[in-house]
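Paired with chain B in one complex and with chain C in the other, chain A is shared by the two complexes that follow.
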Partner chain A sequence: MSSKWTSRIIIGITLTFLIGPFLIIILAGLSAGDFMTFPPDGISLKWYLKVFTVESFRASFALSMFLAVFGTIAALILGIPAAYAISRYDIPYAETIKTIVAAPIIVPGIIVGLALLRYLVVPLGFTVTLALFLAHTALVLPYAVRVVSSSLNNLRGDMEEAAVLLGCSRIGAFMRVVLPNIQSGVLAAFILGFVTSFNQVPVSLFLSGPGVRTLPIDMLSYMEMTYDPSVAALSALLAFLSVIIVFVAEKFLGFSRYV
Partner chain B sequence: MSNAFVSLQKLSLAYGSNIVVPELDLDIVEGELIALLGPSGCGKTTTMRAIAGLMAPQSGRIYIDGIDMTRMPANKRGIGLVFQSYALFPHLTTFENAAFGLRLKKLPQAEITQIVERGLRAVGLDRLADRKPAEMSGGQQQRLSLARSLVMQPKVLLLDEPLSNLDARLRLEMRAELQRVQKETGITMVFVTHDQSEALALADRIVLMNNGIIEQIGTPDELYGAPKTKFAADFFGFENIFEVEGNTIKGAAQSLPLGFESTSKYLAWRPGAIDVGVGNFSGIVRGSAFAGEQREYIIESKIGQVHAATPAADPSYKIGEEIVFDFPQDHSLPLAR
Partner chain C sequence: MFQNNREGLALALPAAVFTAILFLLPIGMLLSEAFQVDGHWSLRGYLDFASKPLNQTVFWRSLKLAGLVAMTSAVIGYACAFCIINLDGKNRGRIFGLIVLPLMISPVARTYAWIVILGRTGIVNDAIIGLGLSDTPIRILFTETAVFIGLLQLFLPLMIISLISSMENLPKDVIAASRVLGASWLQVFTKVILPLTKDGLVLGGTLVFTGSLTAYITPAILGGSKVLMLETLLYQRVNVANDFVSAGVIATILIVMSFGANILLKRIAAIRS
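Showing the complex of A and B:
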């Protein structure tokens, strides 16, 4: 009896920690007052609506979407062949290559951001947008390689040989036989990469310029100026977006298999 | 042999520095059904992959139908391979699996439909044209794999352990199927197997391999009845193989006089050829098993273990009992090496 209650209490505490902040944010955004407070100061939708009228939010949302979509696509273009080579060929230093590819998630983001700022943007004159794009591609790459690798490992290599013997070139066999069979893995990698890039803070913190900020950074600096509930409302909207994406992915891809 | 359809000449195959086949010569006549037989690691699969073009030889040449194929890429050779795992394309239907190669040839749709339908009918899969491989049984998957290769009308059809993944009943069915296909199409077929009974049942000729070397090539009758080497004899069920010198038989511990003179290096007997109940040799029964028509014994003697078999009606011996036996000359098989 007591052990049953112990486990219930532990589950309850865990859920509170996981879901509690989310609920607080949603409710704080619904406040009718002018400051972020909890419990909310009356109920209104005005802050949720205000989010869409803030000019800098619109610009930074567009930038974040651009980085998340194209950074992830770039990471997949680099990552799929890398994953293929690692899983199919007995290449020398495969373990070293895997470690290097994983480095962006192991090295603290602050350091990556600082390094990019110090060695790309300042001396080489890279634009902040380009540096951001490169940084997000590099950050998503490990996920792309890992997720695609795991779906390649479930695919037998002799299928490609069969395709070649039926007249395919090696690349043809990859396009016609391998890609169609790993497409759900590629899609899963895309979603994971998208969410990772969109929520990225530490690297993007260093890479911002006049009018160029990703959405999370923009929210941070907005909060420094104005402590109104619109940031809470925006956070809640973004959280909903993530939940919807992951829910759809789980429903159609069995997303959790890959992560 | 100038009329060889497939000719492997001084073929040397290696994975990196690991030489699997040092030097292999083999001629296959058009329309033959050849078995590459041997234990795992003997180089049979490697040889098959070299014929298919899936691995490049270190040296030597491969001719098929008079054309030097040694450096020809696998996708241009026109050779079919039925993989042991079938290697079907899981995202495509039965029909599309079978049509895969024809589509690459850019044949008109009507022709593809016609060829594929005929091909699927030939292997009894025409009703399953819309299924995906995962929805079919192992036997059906294998027949699809066979059809997918056959619709391409390959010059040579290679089969990797075609019967090993099937249960006993399907194995008989598939065996008959392969013989029928071979008869109807006259296609040259090479199949790889580690199972001597499969090779004996199916092949026109058997190529017995060991450690990358061909031990013996011959018809099933020749290999079963008259293996020429110690390895071949062992592989085809001669369980008693002893080194001899003149009229003595050399056991592991001790040499004993044999009743006759021999000039070969080894002599071999099948278990049923050993005379039991009479003779100059004796031993203790260590194992005894009733096998329907005969009773099989393992005898421990001064020259080592001897496998004997007697008709079930003969008097039987118990484990631990002493038994006398003899090696008759008229059922002995002389082996040079």
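Showing the complex of A and C:
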């Protein structure tokens, strides 16, 4: 049937456009030559191995990991109570609070970074790492609140009311009844927050200081100076990392429900 | 639902206060700085900004590219979403997964691939020279075309996802019915599919448009200083010239447009429900 073929061709072209560049970057990173070309000059793993020896990549990878893990944990510590309050209490100004917490998604990142730098970080003398940590926490917070809220909304409120009536303290009811039931939502929020923070560029652009930058920013400045295949190799490795994280998350959590 | 509102407020406030201090306060100060010249309230920052030809070029270019990317992704998005929706369950899930996947991958990695493809020694130029269409490599990188391609690849998945979710509510027999009753495919699209998937189109269009308008990475890598867009211009104004008035003006433009699009989106969602 011809319409079946038309449909396959349309999907095929779209997927080639969306995914094809990654396949090319994987191959370009395999080059044995010293410059980026495609097809690659010979095949070797040297650029994939070199990535691990570049000092600035190691330092910026460590910083990005730190920000993604601890920034997301901090966002969850702030976000879980907020999500709980929004879904279980009839609090005044609920809409205003929701809008304030959601703001970091809507405001373009570069403006956030610049404003923070000029009016908070410089006047108060924050270190670069602290500034980045606060910015990443604020950036991930809306995702944490949204994902945890949606999993709280799927959990019936009378369970914890029953626990309280049976003599459990409010905090005890939350810890023993609510938290175990929203576990997978919290984990999904962590993964989404981690990926968002790790891939983040615009917010960190102005906040990064000399010698202290996140991995994507380091890659941007590396590619301005050199044109060797190491950035291609590193990009391919990061893509693999994301694919693995998303695949595992989908398998165990049904991650796409939460995104 | 618990009745103790003070307790609820105590749980919600830390997050709200944190965001207010870290986001709203500094951003409010940045925006107000654009209205202050030499310590007085004035619109001169805006007038000066608007009078410079470079700024005008960058402003219109950003609008044009964002609009073009949104329109192109709508055309491809409809074709692609329509094909995906008609697949059987298992294949549909797989293809959908492949469309969503790039959204989780670092935008720097996603954009860098285009340097390999569009560069002087890239695949496209190899093909052009190999086919004898040109003797020397043509310049694609650092042109609007390169930025357009990069933005399209970055944001197309958002459009496809939005359209698919609105098409899922589209009853399949309405298309068959209108075909049987003699409508051409063009009529089926404009009179049946388009009105019924309007919400998805508006949502996707807004996401793609504001995403492209406020993009930094793509114009920075694929456009460089030759093809500045609003965010790369902002970065340059601050880093090269310490010009915080222009930065404030650009920030205002970006925020007004992002919030405008967001409000529009909520309005439309409200009409729907």
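Everything that follows uses one rule, which is that the second predicted complex is superposed on the first by the 257 of 259 C-alpha atoms of A that agree within 3 Å, B and C clash if a C-alpha of one lies under 4 Å from a C-alpha of the other, contacts with A are read in each partner's own complex, and residues count from 1 in each chain.
FYI, a residue touches a chain if its C-beta (ideal position, glycine included) is under 8 Å from a C-beta of that chain, and two chains touch if they have at least 3 such contacts.
Small disclaimer: the values here were computed from a predicted structure and weren't measured.
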{"item": "Combined model on chain A where chain B meets chain C, clash or fit", "value": "fit"}
{"item": "Broader residue contact with chain A after superposition on the shared chain, chain B or chain C", "value": "C"}
{"item": "Which of chain B and chain C A:Cys168 touches, first, second, both or neither", "value": "first"}
{"item": "Which of chain B and chain C A:Ile244 touches, first, second, both or neither", "value": "neither"}
{"item": "Contacts of A:Pro180 with chain B and chain C, given as first, second, both or neither", "value": "first"}
{"item": "First (chain B), second (chain C), both or neither touched by A:Leu134", "value": "second"}
{"item": "Minimum C-alpha spacing, chains overlaid - chain B and chain C, in Å", "value": "7"}
{"item": "Touching both chain C and chain B, counted on chain A across the two superposed complexes", "value": "none"}
{"item": "Touch list for chain A against partner chain C, complex", "value": "6-8, 10-11, 14-15, 17-19, 21-22, 24-25, 28, 35-38, 78-79, 81-82, 84-86, 88-92, 94, 97, 100-101, 103-104, 106-112, 114-116, 118-120, 134-135, 137-138, 141, 145, 157, 170, 195, 198-199, 201-202, 205-206, 216, 219-220, 223, 231-232, 234-236, 238-239, 242-243, 245-246, 250, 256, 259"}
{"item": "Touching residues on chain B, where the partner in the complex is chain A", "value": "52-54, 74-75, 77, 79-81, 83, 85, 87-91, 100-101, 104-105, 145, 148-149, 152"}
{"item": "Partner chain B, residues of chain A touching it in the complex", "value": "156, 158-159, 161-169, 172, 176-177, 180-181"}
{"item": "Touch list for chain C against partner chain A, complex", "value": "1-5, 7-9, 11-16, 18-20, 22-27, 29-30, 76, 79-80, 83-84, 86-87, 95, 97-102, 104-110, 112-117, 119, 121-123, 126, 152-153, 156-157, 160, 214, 216-217, 220-221, 231, 234-235, 238, 244, 247, 251, 254-255, 258-259, 262"}
